[in-house]
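Next up: the structures, one after another.
One chain, chain A, appears in both complexes that follow, with chain B as partner in the first and chain C in the second.
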Partner chain A sequence: MRWLKWFEFRGKSLFHISYSLHRLTGIVLVIYLVMHLSYLTSIRMGREVYEYFTSITLTPAFLIFDILLVLAGVYHGVNGLRLILHEFGLGYELRRPLLYLCYLLTLVLWLYASYQMYLFVMGV
Partner chain B sequence: MSNELNGLRTKRVLEPAGWVLQLITGLVLAVLVTFHFFETHMIHHSAMEYENVILRLSDIRYKIMYGLLLLSVSFHAFNGVRAIFLDTNYGSENRRFVNILLFLAVIVAFTYGLLLLFSF
Partner chain C sequence: MDVIFRVRRFDGEKSYWSDFVIPAKKGMTVLEGLYYIKENYDGSLAFRASCRMGICGSCAVKINGRPVLACETQILHLNSTTIKIEPLDNFEVIKDLVTEFDGFFTKHEAVKPYLIRKEDRYSEPEELIQKPEQLYAYYKYSLCIKCGACYSVCPASSSRDDYLGPAAMTAAYRFIADSRDEGDGERMQIVCGDCGVWRCHFAAECSEVCPKKVEPAKAVQKLRFRSSIYMLKKFFIRW
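For the complex of A and B:
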């Protein structure tokens, strides 16, 4: 199966790994989108149902899933912007430094967003 | 442009319009998803309380913003899934079926979200 080749990392370049991660995080985000749209239905079902859902999802125990989701979202977004930049012929000669910058930005934005979510869930 | 640069398999399997729209919706999402995250997690702790969610959903400016977000994310997500399917042996042999199925997924996701948006 061709798609299984995404995960053949041995001897592959960092660009290939970035591509595989882009698709993998994309799939994670599609699954989340479907869950998010379903979850939003609780708003239509009234306050009690909505508050029951938030009492489960806005908790410290659930935070780990949110943090991993944000990692997928931030990586997909930052790497996507890098791809768009190259698509318009910009920064082609800097592709390797830009890839490193992409990883660095992902890490910084992810840590910042995770910290904000931690404060939010803890009510700090 | 080097094939190692951006996994051009996605570009290759999509039509030019599908690829360009994927880029445009990607840019729109980078802005709107960031705004959505700020709005719900960083401005105020009460942002996710029932009253405040209803208040936002009742505001015409939020309706427009969420409508655009919904349209962009529905297209970007399922067009991306379409590219992944078309990149498989099955997808390349059943292109028409994959296109119809994922087009329907875009319509269903967008319509379902709009129903919620216009319930308030």
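For the complex of A and C:
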């Protein structure tokens, strides 16, 4: 279970927390992908089964999971762009402002997406 | 002011905590506190130290969860009445605060941390002249004292034993960036390999904890860029 060491960040900086969160959100997205493909595959069992499964995800109770999923997706995407930039050897000196910008962008995009999802699910 | 030192001990079989009361004075370092314990409380306490001035890198330990040099950390600057002292992570503990550095130095040695010249003419030695800008290209990376602080926080090193680690890769970049060096090919073979630069995922914690501000994360990213060019060149030359 050495991979659990990805999540050991006691006494470490925000950079390490970002790394751990990137791994965590990556795992969440892989689980989501498997679930998503399973839902899509359910159409092979008939239209009713597929529609039953998708109707579950459009309930207000499920909205909280969707909101958390969007948070994971947005964070993983925005932080991934930051990492790609650094891994090309660019913006190393700006790594701290870029990290803060990454969190700010994640928060803004997540709040906007959550609001839109709320409007959609509630039918407002 | 009395400060409690909570030291993580290991006797070869079991791990436990020992508490010691240290009469801390202004300017007193954690290393001096450890010597105080050894001289007054428990002579069996094991820790590494040598220069006592942040040059040798022997005394790197984890203080309050962060790897630092014990000789450069003043007790009163920690603003804490209890100080937790532990051995570095990602290293096997031999006794108390002493960790096994063999693997670390083997990795360092693996990247050939010395100048490689195509022709060494020892009978007629020549001066290898450098401009200041050529020196500045690698100078910062030559300040590494091999304390192991970067290696101890590296998540890639913690999950894979064969990963070279930030310190070794910084040493590799230090020589690759040196205008006098002609050993790019030999070193690139090693750093482009399975346990080289591509195992780094830019947690950048190595640069955060480096006591000499060497910035290993920057060296690894620069090395990664050079590795890409080297691998592309190798690929097209083959075809």
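Observations, loosely collected:
We take it that the second predicted complex is superposed on the first by the 122 of 124 C-alpha atoms of A that agree within 3 Å, B and C clash if a C-alpha of one lies under 4 Å from a C-alpha of the other, contacts with A are read in each partner's own complex, and residues count from 1 in each chain.
In the analysis below, contacts are C-beta pairs under 8 Å (C-beta built on N, C-alpha and C of every residue); 3 or more make two chains touch, one makes a residue touch a chain.
Quick caveat, the model's predicted, so the values are computed rather than measured.
When the shared chain is aligned, chain B comes close enough to touch A:120, but chain C does not.
Judged by the touch definition given at the top, the superposed model places A:58 against chain B, while chain C stays out of reach.
Within the superposed three-chain model, A:30 lies in touch with chain B and out of touch with chain C [touch as defined at top].
Which of chain B and chain C touches more residues of chain A: that partner is B.
Judged by the touch definition given at the top, the superposed model places A:44 against chain B, while chain C stays out of reach.
Residue contacts after overlaying the shared chain place A:87 against chain B and chain C alike.
Contacts of A:95 after superposition: both chain B and chain C are touched.
Applying the stated contact rule after C-alpha superposition, one finds that A:13 touches each of chain B and chain C. Comparing the two interfaces of chain A, the one with chain B and the one with chain C have residues 2-3, 13, 15-16, 18-19, 22, 83, 86-87, 89, 92, 95 in common. The part of chain C that touches chain A in the complex is made up of residues 62, 64-66, 89, 153, 155, 158-160, 201-205, 208, 215, 217-218, 221-222, 224-225.
Within the complex formed with chain C, the residues of chain A that make contact are 2-3, 5-6, 8, 10-13, 15-16, 18-20, 22, 83, 86-89, 92, 95. By the touch criterion stated above, chain B contacts chain A in their complex at residues 1-2, 4-7, 9-11, 23, 26-27, 29-30, 33-34, 37, 41-42, 45, 48, 50, 53-54, 57, 73, 77-78, 80-81, 84, 87-89, 109, 112-113, 116, 119. By the touch criterion stated above, chain A contacts chain B in their complex at residues 1-3, 13, 15-16, 18-19, 22-23, 26-27, 29-30, 33-34, 37, 40-41, 43-44, 47, 50-51, 54, 58, 73, 77, 80-81, 83-84, 86-87, 89, 92, 95, 113, 116-117, 120, 123.
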